[in-house]
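Heads up, the thing below is written out as structure tokens.
Chain naming follows the written order as A, B, C and D, and within any one chain the residues start at number 1.
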């Protein structure tokens, strides 16, 4: 298939609640960047996290194989540093091949879960 | 009316929860791709599903008549294979005429439903 | 201010639940197209509703004054016909001046409300 | 990093519920414009709020330092006037450098929270 997507993506919203009503991984409060690499080449992606009152964190490095999707949980990022909870952030993705990025949060601070999702901003 | 839309669309987010608090079809946990064909020609659409750790599934074939909408439930796809539950996926739509695609999930794992929706990524 | 927006917008998702847990207008299940006319000229808008299995309804006519917003509830459309409940639909907006359209649903079928929102697809 | 984003953004949806089930700031009903300035220059932003039946409010002035994010709560705007509650509005952002804007609402009118989010409309 022809490649679909763009090489630079930004998600202005970011916030991982520290509270969850469940310890089940599927229902734990989390933020996800769903990354689709529909092309025939591996995608090497660099991720930078921006904060309100400190220098950005990163680069984080992510690889998505050809013809695969990767639902990256910001909660799982460890290297060079974890993403702090209860803290506003934004993220920028730079890939060497076209990808598609969508942002989703599952919030389970209360007994019932709440969801949000949006396509990220793309360029390039 | 003039045609509106594009021919290629991608939804990076995909996840159908296996749990539902209701067996009512309207309230069953589901993922939908809402497809609008506002033009005067039938839309022949090919759908491919991408996974994290296996080859893509498809092509699935969908036809939307002229001046009609079709709210496609991923749960209903059967041929060539059903979409697995509790599994991360992405999807790409390729149409022979311009269409508009929007992604929605209704999650009823808990007693209260939760919704997300976003316009898909478009190109071409 | 310079004009901002586009003249043609499409919302592929559409569904008004017939059930609501509240008769308070603010909490009644509803679908809204939020229309911003930030320019200096009145916006004359034509709205067409598309269905899965019948001819489109409309045109509906909406006027938004200069420098005003209008949060149009699909539930309130009457002329030429109301939008049926519990029915899949899509909508297309055509304006004579640039506008911005965002789609929101408040779902109160259950005791707790659920929300979705997305920027519509734009062209022209 | 190269700049990412655009200089003009519009959010057609706007509504701050006056009710909240919690006085915890994190769970208070609120509307947010998440603004990312990933570039190396300070972003000077002018914000205008549009209503259904009166002249627009503003300009509000916001500054986002280079390489920072700012999650602006509309509830916090004071100068030249607060944003009225339970009132439909839209907003337009004009920046002197490229930024990315995403719109989020947390609604806690009921015991369980509900979320919506979407990328804003961009131009220029």
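The rule we apply is simple: a residue touches a chain if its C-beta (ideal position, glycine included) is under 8 Å from a C-beta of that chain, and two chains touch if they have at least 3 such contacts.
For clarity, every value in this text was computed on a predicted model and none was experimentally measured.
The rotation relating chain A to chain B, fitted on Cα atoms, amounts to 90°, rounded to the nearest 5.
Homomeric contact chain C/chain D: same residue numbering on both sides for under half of the interface positions.
With centres taken as mean Cα positions, chain C sits 21 Å from chain B. Between chain B and chain D, the centres computed from C-alpha atoms are 30 Å apart.
Each of residues 111-112, 114-119 in chain A touches at least two other chains. Residues of chain C touching chain D in their complex: 1, 4-5, 26-27, 32, 34-36, 38, 67-71, 100-102, 104, 111-119, 122. By the touch criterion stated above, chain A contacts chain D in their complex at residues 8, 10-15, 17, 48, 50-53, 55-56, 86, 88-90, 92, 94, 103, 105, 107, 109-112, 114-121, 123.
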